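What follows is a pair of complexes built around subunit A, which joins subunit B in one and subunit C in the other.
So, the complex of A and B:
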């Protein structure tokens, strides 16, 4: 792993370890309701933005009973832009399988996670953080592999098509 | 009427705060020229405007602290001599630096160092600036 990515992920891991202290908190506006406060912002929400560079950043919004992590993935060219959009949309549509994934990313970002106190009760906190960090590490590899496979297929198709003209 | 009075008082305070920060910046520059890097950073962190809403004050102070942080080379000396009360303030400025997205500020460097000051106290994970004067990213996490 590149050193810059390792330090970026370490910073995010340390921030999540400090931020993921969630507890149950009933909704202050609606009786007998319990909602993630980071989405509604009825109580104070603190935001931490960690940028690796101009193109890659991570926004961590914390509140008393929930935590939202939004990621902006590096997209070097138009092809990566399209592949990232399609791939992350594919994942977002299957958000129930991930449990902590948000169906729609926060505006300005490619992907968002929403972790509530219930997730922290059912799952281990350090495992959740490991998952998020591993996800960030793997997403770059996935996009690169997709790009390579598109280029390879394009090259093969072009070679086959042009053979008829030889 | 009360709001207008508050605005007038705030404007006066802003000018006073900015002139104080300018004076502090000159002091920081002179300390940096004398290679007293730790003192320069302490001076930068002292007297940070706590309750002002004016962006000019916040930006002016951030520039001064940023200058002192970028000049740091020996983080061992820094953390051995910096009072714990400054850790929170330093952490806030570091996260502000990380949020800029500015490459010289956010670009990490090869060397790593980790210091932990024991269970229940401040835990610090930092990275050193390289010997080739590249810009560095200091990462601090509070471990409670």
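So, the complex of A and C:
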């Protein structure tokens, strides 16, 4: 792993460990309702922005009963751009399979997680953090592999096309 | 180490337990082994049902290009313990996919015979009784066929073809060029006869003598040739243009680009220059994703074409702006989003049998690119689904397994970097689970002596009561 990536992920991990102290908090507006406070616009939430570079950053928004993590993935060229968009949109549309994934990313970011106090009760906190950090690594790796596969595939097809002239 | 050539894949399978340096080798020919077959065999071998893949292939194929060194083994997860080999298996499966799809792409785009026409002619030929038929077939590219056969004259079948001419410079009134007519007459002259004048509304009418077609495998080949007549008509015009390159009768200086239309709304240009002919394809796509995938493909096409191993193929170039040869053409023809692809056709590319291949490849370049883009999108989608399945599978497996696999290294699936399990069952549930197991054991106890009515008695008076935890809480909605 590159040094800057390791530092970036370590910083995110430490921040999540500090921020993931969630407890149940009923909605102050509607009786018998329980909503993630971080999603409410009128509630003040504390935000932390961790930037690896101009293209990669992570926004962590915390509240008493919920935590929102938004990621911006690096996109070096047009091909990575469309692959990232396609893949993250694909995952977001199937967010119910991941439980902690948000269906629609926050504006300006590629992917968002929403962790509530219920998730922290059902799952172990340090494992949840491991999952998010590992997820970030896997996304980068998958995008790179996809790009390589597309280029390799194009090369093979080009060779096949040119072979027809011989 | 894994190496790959065009058709043979060589894999070195090593096991962690073997430290004596000996490896297991087996050699695959890609046409013989298909990815789904490989996967099925793996599953069977895992279940212990099937025999070794290697020996099975050897039995089926004999000495047909496959060779196995001693100690060949199956690629299965039971045998493989080396992470490196699993990576090679992923590479192998990807390579099989690429090779299989490559063949599919090649076959789809370079099929000259019209499938509907071929099927109809085969049906007429194989019919036991003479049939009355008057059928019209329409194909992509405004191509129309009219097939007519009568029971009173079963020997002959009349085939009329209407196809838009390749070049816009030749007016429809002139019809098909004499060169094209000569080429058609050369196709199975004993079985195919050109009728003049052609049927009204069609450019060409042919009389096919089915009695002269031999029975057996040869008939399929002959009918395929007959069904490829439309491709021959289209190829002839471009052949005449490219044939002039070889004849060296062109005067020096650049000629005006000739606009040719094979696919509707997708014209391409042929520019005759001294010593070569350049074919320029303006590329247009509907979606931005297609543009980016195609651009990546064109870059690879340029890289491959300019390498030392491919000196015999036409030189390929791509540029986002119109090339200088097309200066002066209409704006609507030069406005593209995919750039311009150019092929330089030299005299040795159009000598002998190569002329036919070159012409057909150029005519089908658009279709090839569009098909490649479509297949790439499908490949990306399949890969994303597989990745999602891997992630979700780990998630569900970790959630359903009792006791959790918090620090168990075996729970981590190596090779693809899958996420390790993160869900573990909270501590109060372990006690509940033990109680449940104990009650199950009690229920399963079988008394050797059977007493009538004891079952009902036991169900009512001897069941273990369920305990509810005082710490359990219910969520408020």
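We adopt the following convention: the second predicted complex is superposed on the first by the 164 of 166 C-alpha atoms of A that agree within 3 Å, B and C clash if a C-alpha of one lies under 4 Å from a C-alpha of the other, contacts with A are read in each partner's own complex, and residues count from 1 in each chain.
FYI, contacts are C-beta pairs under 8 Å (C-beta built on N, C-alpha and C of every residue); 3 or more make two chains touch, one makes a residue touch a chain.
As the structure is a prediction and not an experimental result, all values here were calculated from the model.
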item: First, second, both or neither for A:51, with subunit B first and subunit C second; value: first
item: Chain touching more of subunit A, residue-wise (subunit B, subunit C); value: C
item: Contacts of A:75 with subunit B and subunit C, given as first, second, both or neither; value: neither
item: First (subunit B), second (subunit C), both or neither touched by A:3; value: first
item: Which of subunit B and subunit C A:11 touches, first, second, both or neither; value: first
item: Partner chain(s) touched by A:92 [first = subunit B, second = subunit C, both, neither]; value: neither
item: Touching residues (chain side subunit A, partner subunit B) in the complex; value: 3-4, 7-8, 10-11, 14-15, 17-18, 48-54, 57
item: Complex contacts: residues of subunit B adjacent to subunit A; value: 95, 98-101, 103, 106-110, 112, 125, 127, 137, 139-144
item: Subunit C - residues contacting subunit A, complex; value: 94, 98-99, 101-102, 105-106, 110, 288-289, 292-293, 295-297, 299-301, 303-305, 310, 312-314, 316, 349, 354, 357-358, 361, 368, 372, 376, 379-380, 383-384, 387-388, 391-392, 395, 404, 406, 417-424, 426, 475-477
item: Footprint of subunit C on subunit A - complex, ascending; value: 26, 32-34, 78-79, 81-83, 86-87, 90-91, 94, 97-99, 118, 121-124, 127-128, 130-131, 134-135, 137-138, 141-142, 146, 149-166
